[in-house]
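Following this message is one structure expressed as structure tokens.
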């Protein structure tokens, strides 16, 4: 059993811990948080040993009635591997500690690619992470794009990608984030940094992205155009996408109009936290005309990277090959509607 | 086993069906919907027999690959009782059918009180519904107010209530509802119709309400002032509220700032659909000064009436007394954090 | 003096009336509205004769203390030309009346192109509307795209256009419109109907559009990609756009992050209603790499079609040529920051 | 002519400068800003001498092509009085400089009351500011409440006030402010700090307030209940409020549903920046039952304090008495619809 420590137990960290917990070949050694509150309470109610990020904070956890198992240093020392889900930039700082204690680690997408030996997407480049000590799971947006582009590239070749990423302004529990009534070019420069991030997975891909931020919290929406190197039949493309394990082709008959209805669908389906780990591509939006492919896909930012973190752990420790890992992760998590 | 048909399988209907299903003394006879789509798919995936509202619609369900067990008339005939969760005003129209087929029914809060023999809140007036054939579960807002006012009234007496109801504009899967960037007096007349609705439960209560609608989907927020007939100690009031089964006093230590965090808390807790059946009263907001009581409470509009519907069924058929019914409903549903 | 009647005095109609009023060669004959309220009050306070859409409504205007000059039939009979700014689809119905009374008319973008002899954008195809009796000013989005594409096409040739239109859900005074917390593919089919609408101006243009609707009221945002037929220098493109009369290239030094700041800028500048008649293209977003051009442009949906309506009137009556008309309209209105 | 320097040229500062500029007895000596951008550009385009907050920033203004007249120290030295409209807390720090250079100053509502000799509302306590060197204009919310309470108190006596303040999350040009899809008790403690702030104007008033923050940018909405010391006729109360110069009683015939329509009304009326300096009380919301008064009022947070700042200047320098100052300010600004 791989013993996994989770450093940074917030939106991503708590989900990764819960995903690790249900896998047959790994276990949660403990989770580290900076401050008490309902999320920390929940961690202890599940039974995750709770570690404080620094000695100074132990008192505030104890004042809140929470048992602290130790500091992050102790968790890092005791774990076979750390999943670092701290806010962007902190992971890089933590890297020194992980190296010092010779504990491998998985970082998240807001860290610079240089923090790791490779950036990672299970569908696209699982093998790159084999035997690596430091791996970076790419961001929610890059994960979503990689899952879509990998099969298209393999099946038809890709000449160029143009994607507009219409991003949620904040997660549902982040009331301090805006905007309230605005549509923001974000960044205003074109192409955005998202394209280069996708190239950490597909090194020589021609991709231009435009980033936009809007007043919504549920999901990102991608408007994607791919110029293929061949001219496939639309039905073939549809089938190709439909059989991808982490793509959900939203059928017309479901009458799902937008992100709210998608998340409602997941809530009805009994998904934990109403999470959608899959890219959601509207079937009606899939368009193929000559070599031009278009679609709309919605990406649940809180969830899509979660199975990827699990697979990254297996790749690093050579526990399974890509197909086996993806199948195991998905089966245990409950991926696919 | 009480055999329950659900007419109107939307936001409320699907939740009531799921709540009935887990009770020891009742079962879902079938559910009726007007049109196919993912919600209907889900009903059949659970195994609820699906009925069409009219003969004409059977074809569209079948075109969507859904088996139709019959029309609503058949469901009404076969069920011991109907929970009508159709859109406001339709319930009143359906009343004739229910009477014709001599099937008792529970209506929802958007119907006129005259549709039923009594309006209902389990905590406040369970016994009024005993042996009644037609009962109306009051709206989400009135349910929330009733649960708060009942214990205050019993313990301290109520001189006057003033409440400002800051209402969500629409549910998460209703993209056609606004407002987008507005704060609406709704209705603009003061006091609003909500006070009289509360008086369907507490007939002679002095209550003035103001209604406001804002661009949010998660919960309603009530700012409540109660002038009591006595001057209790704040700790006594806190304890009184904390021991109410369908009130959750949000502790300061949980660091829950608003409705987003509350719903996140429920998602983490594994609640089905992230639902919160309880009134959520912030402990820090409870204020008692002389005879003046104040608090903020958040009400999950999609969820709070659900256990009330179950209790209404038990009251009508004299299956249990109030305390037993509430305890059974809550235990089977998983109420209380 | 061209005598102009405005049928449908709402968001667009009131602005067109005000724009007509300040032109040297035209005058407002009267405006027609269906119902009283502050917008009708304002019309009479300016001195626009107010016409009722039907005889039946005269009473309700009079009850509100408003003088009614007659019915729409009378206004149509008395005017040299009508600007029809009624809600989408009504214009088509009104067409019969206009023909009957032999009054030429300008329609708005929500009408089918077939309602008119030509669709119109002053910059792109002014001469098409010369001597026409029925002209349709294209929608806010198509107007914005036409103004950008016309100079690019003339200067460099256009191979293909791909645009993602991120649209505001409703205008600021439309509280019943949503969505509240959603991002909607709208329409979900790709390419959207916006491309064909642009082809009513540029008949053989290769253009694919994707439509999205978000919870904002201030402006639309377009993410635009144009594959040019040549490979211009970025500075040349910038200069080309900067010298267009109805394009405002937003300088980096202005530190304008999004639509909210743009509208604030217009409010500070003293624009009537804070209106922005120009396409707003962020200078930092302009990107040229080989033959690929990209930019972000914001479009004030309430305003951009207003000068176009004025120009359409001049074209139809051969009052001026395109350059003169645009210059006159803009000078009288105050276009250009 | 009173020579007025404005320190902090943002949302409030720019409006106060424009209001001072149109008064017969005062002039804008200059305005100070921390950084360049479109707001600074606009200041210079009007002709306001621009001062930098520190020497270090002069370079960045000059790099942006803006002439800098000097530093804030110079502006303070040259002005008869400063209006400090810097962000909350900075005013208090600036106090030392103003004292050092013996320049009187007006502060804004986010500063602690202790920063000034008196807190100020022209309608309620103009004379308190006579001859004072340091005056604090109360916040937008407190200004709105004071204007409503002053006439009610004078005419009928006030026993108790209970107000729920439903506040906009941010101004239209503040995209970094949230919440996006939330309703926040803010502060969660009841009563909120707003009541004590109102008591800086009405020292012994019994007032309890509840603060809420929602995803909207246009205005605050207050739900107000006042228990009067007498039992006036509703028509008398309506007349009392309607004749207040800075209260606009929104007539039912205007069909104005919410804040969006109110601001649209102001835009149509040609108000600079679409500003509404008045409290907007919906006529239909005014309710009087026995001694209980209720109403809804909307407050344009960017605008209502602006005329108050002008009056504060006059009071401090004994230029006019209250009624004359209010009349002059309003006439020059264009207050009243």
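By written order: A, B, C and D. Residues from 1 in each chain.
As a working rule, contacts are C-beta pairs under 8 Å (C-beta built on N, C-alpha and C of every residue); 3 or more make two chains touch, one makes a residue touch a chain.
Source: prediction; values computed, not measured.
Chemist: Quick one: which chain's Cα centre is the longest way from subunit D's?
Modeler: A
Chemist: For the homomeric pair subunit B and subunit C, should the interface be classed as same or different, according to whether the shared residue numbers exceed half of all numbers used?
Modeler: same
Chemist: How many Å are there between the centre of subunit B and the centre of subunit C, using C-alpha atoms for each centre?
Modeler: For subunit B versus subunit C, the centre distance works out to 46 Å.
Chemist: From the C-alpha centre of subunit B to that of subunit D, how far is it in Å?
Modeler: Roughly 42 Å, centre to centre.
Chemist: What residues in subunit C touch two or more of the other chains?
Modeler: Counting only residues that touch two or more other chains, subunit C contributes 168, 172, 174-175, 179-182, 184, 215-218, 257-258, 260.
Chemist: Hey, which residues of subunit B end up touching subunit C in the complex?
Modeler: Against subunit C, subunit B makes touches at 169-170, 172, 174-182, 184, 215-217.
Chemist: Residue numbers of subunit A touching subunit C in their complex, please.
Modeler: 162, 164, 166, 168, 179, 181-186, 188-191, 208, 210, 212, 214-221, 223, 225, 257-260, 282, 284-287, 292, 294-296, 298
Chemist: So in the complex, the part of subunit C that touches subunit D is made up of which residues?
Modeler: Its residues touching subunit D are 14, 35-39, 41-42, 64-65, 172-175, 180-181, 217-218, 253-258, 260-261, 263-265, 267-270, 272-274.
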